[in-house]
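One chain, subunit A, appears in both complexes that follow, with subunit B as partner in the first and subunit C in the second.
Moving on to the complex of A and B:
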């Protein structure tokens, strides 16, 4: 997920840029990964590609790559909206001070955009956390997979998956609460 | 050397079509029931009654923070062990996705209702409209305009989410695709086709929603 955020950040920059080529390229990327199910992306990478190149990629690697690409798609949109949300006055001010596009982006726009981006960032994080349970289907051993394995040993589905549900709930809800706490601390709503 | 052959897979287009129908069926049912349930729960969320508020908030938070996959496993594998009740996969899928979707819908609808300023409400009531008329002519149209895009996104969410139900053997398009893949060993082509399918569906839905917004939901013009 961390990799995905970083990648998404750069793709988001591409989306916000005036360069038509970069914009279109990143648009295709983003739309593909946001409008298709993670499961399909996983299957494509895990079953499809190895057949194409006659190799075998371990589940762990595939899962990491798939989640990175998936996260990056959403992160790109978040960063792009955050950058666009900064009023034009900031750009004009930095240009009139003689800063170049890159320079103004880096020193003026991005710090402000980052604060605005935090709430949706938290939302995407929680979403990916939940969707990560899907990687259990390709055999990557994480929480859901463990639960399935325990269940096949004990046959108490409700208890096992009930506990799993509670664990996911605690993780996601906790993280959302952390996000709102951060929001309050940084007073994001008051940034105007 | 592996050669990419789409023809092999496209031979089975009728199987894919069958799966696509199941997917669409699932999506429509979930959207329908989910919205209805979502409306009920959104009323709970804006209620002043502490108990109703607590229950509906608990519901929403639960279904927004627990993954669909885990819920599907519980819904499909637990009842046989607990009460000896075996649900058909499709039914289990619809139930779980409806419950899940209703939580998100409740939040969307609540946002729409809250987004209407109190002045409008007061103005309508002072004009002598009854509560029912208030809802029918002021609140519902206004809220609908506010939440239209979010509803569209939710529909797309459901379409993408239906993909996961294949794990409990719901015969939707991904499931059929896997079967075709196993039979022809052409997983790559199958999943590329599925990818294109889902992306097209989503983009189509977004376009339809935007078009409806443009045609039917123009803001009232001031004289």
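Moving on to the complex of A and C:
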């Protein structure tokens, strides 16, 4: 997920840039990964990649790649929206001072955009966290899969999946709380 | 001996889609001149000054600033132009995530590569000049409108510009704060910097302007020294405009 966030950030920058080529390229990427279910993406990658590269690819790698690409698609839109939300006057003020596009972005726009981006970023994180349970389909041992294994060993279906759900809930709720905490901390410099 | 003009616009036209906003602007401003541009809303005044530092591209004509061709719109030239032109906006446009001091030191550090200590020292001098040195470590959100605008002026001055552009600097301020900003601007004008000010504050024009221009429907209808402009306007539209705008406290 961390990888996906970083990748998403750069793709988001591409979406927000005025360069028509970059914009189109990143738009295709984003629409592809946001509009197809993670499950399908998982299957395609798990069965497709080994054929493409002609080697066996362990489930863990596939899962990582799939989640990265999936997350990045959503993160890109979040970053793009946050950047677009910053009022034009901020760009105009930076340019008027002689700041370049890069400096304006880095020193003026992005610090403000990041603050706006936190709530939706947390939302994506939580969403992907939940969706990650899907990778159990391709055999990757993660929480849901472990739960399924425990179930087949102990035959206590409801208990096992109940506990699993609680664990997911703790993680997701924890993330949301972290997000709120971050928001409060950064609230000193609110947009005027 | 007449020196080269600091800002020169020749036959400038600008369209916003189908709307013809600037219909052939010719003007020439010398170094040290203080020009006030007035006119009704929609006359094109903001657009005009925003063309001078390249914020708005023009469709036809030529604009030169300190010998540089603004209309060419090459990135490097535009940045050079903007290093020499400072701009103050109606809505301040301060950077909310930076303190007043940081707002002022950002550009000198990033653009002119001035070292932090030196930038801060010079910034404090400017903040003192505009009367808010005590608010250097405050964030814009805690400043009043008048204070914000004065920080904005200091921020623009930090780049040591040759020309200062003001786009209705007091229009968004409560009446009691207009005075403090105008005083700073009058002080600046008397210091000899070239200023182009779009404003309705005629008191300011009378005190320090070399020339007052009326922009009407995209052309400069009348341009004259303040005494002549206010006492003996030539055009009918000027008389109408003055009739609406002139305040008693002149």
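Note that the second predicted complex is superposed on the first by the 185 of 192 C-alpha atoms of A that agree within 3 Å, B and C clash if a C-alpha of one lies under 4 Å from a C-alpha of the other, contacts with A are read in each partner's own complex, and residues count from 1 in each chain.
The rule is simple: a contact is a pair of C-beta atoms (placed from the backbone, for glycine too) under 8 Å apart; a residue touches a chain by one contact, two chains touch by 3 or more.
Given the structure is predicted, the values throughout are model-derived calculations rather than measurements.
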Which of subunit B and subunit C A:111 touches, first, second, both or neither: second
First, second, both or neither for A:97, with subunit B first and subunit C second: second
Partner chain(s) touched by A:126 [first = subunit B, second = subunit C, both, neither]: first
Partner, of subunit C and subunit B, that touches more residues belonging to subunit A: B
Touched partner set for A:176, first subunit B, second subunit C, both or neither: first
Overlap of the subunit B and subunit C footprints on subunit A, listed as residue numbers: none
Complex contacts: residues of subunit C adjacent to subunit A: 53-55, 79, 82-83, 85-87, 89, 91-98, 106-107, 110-111, 139-141, 155-156, 159
Residue numbers on subunit B that touch subunit A, as the complex places them: 2, 4, 61-62, 64-71, 73-74, 77-78, 81-82, 156, 160-161, 163-164, 166-167, 174, 178, 181, 185-192, 194-195, 198-199, 202-203
Subunit A residues touching subunit C - in the complex, by the definition given at the top: 89-90, 92-93, 95-100, 103, 107-108, 111-112, 115, 188-192
Parts of subunit A lying in touch with subunit B, wherever the complex brings them together: 31-32, 35-37, 39-41, 43-44, 47-49, 51-54, 126, 130-131, 133-134, 136-137, 144, 147-148, 151, 155-158, 161-162, 164-165, 168-169, 171-173, 176
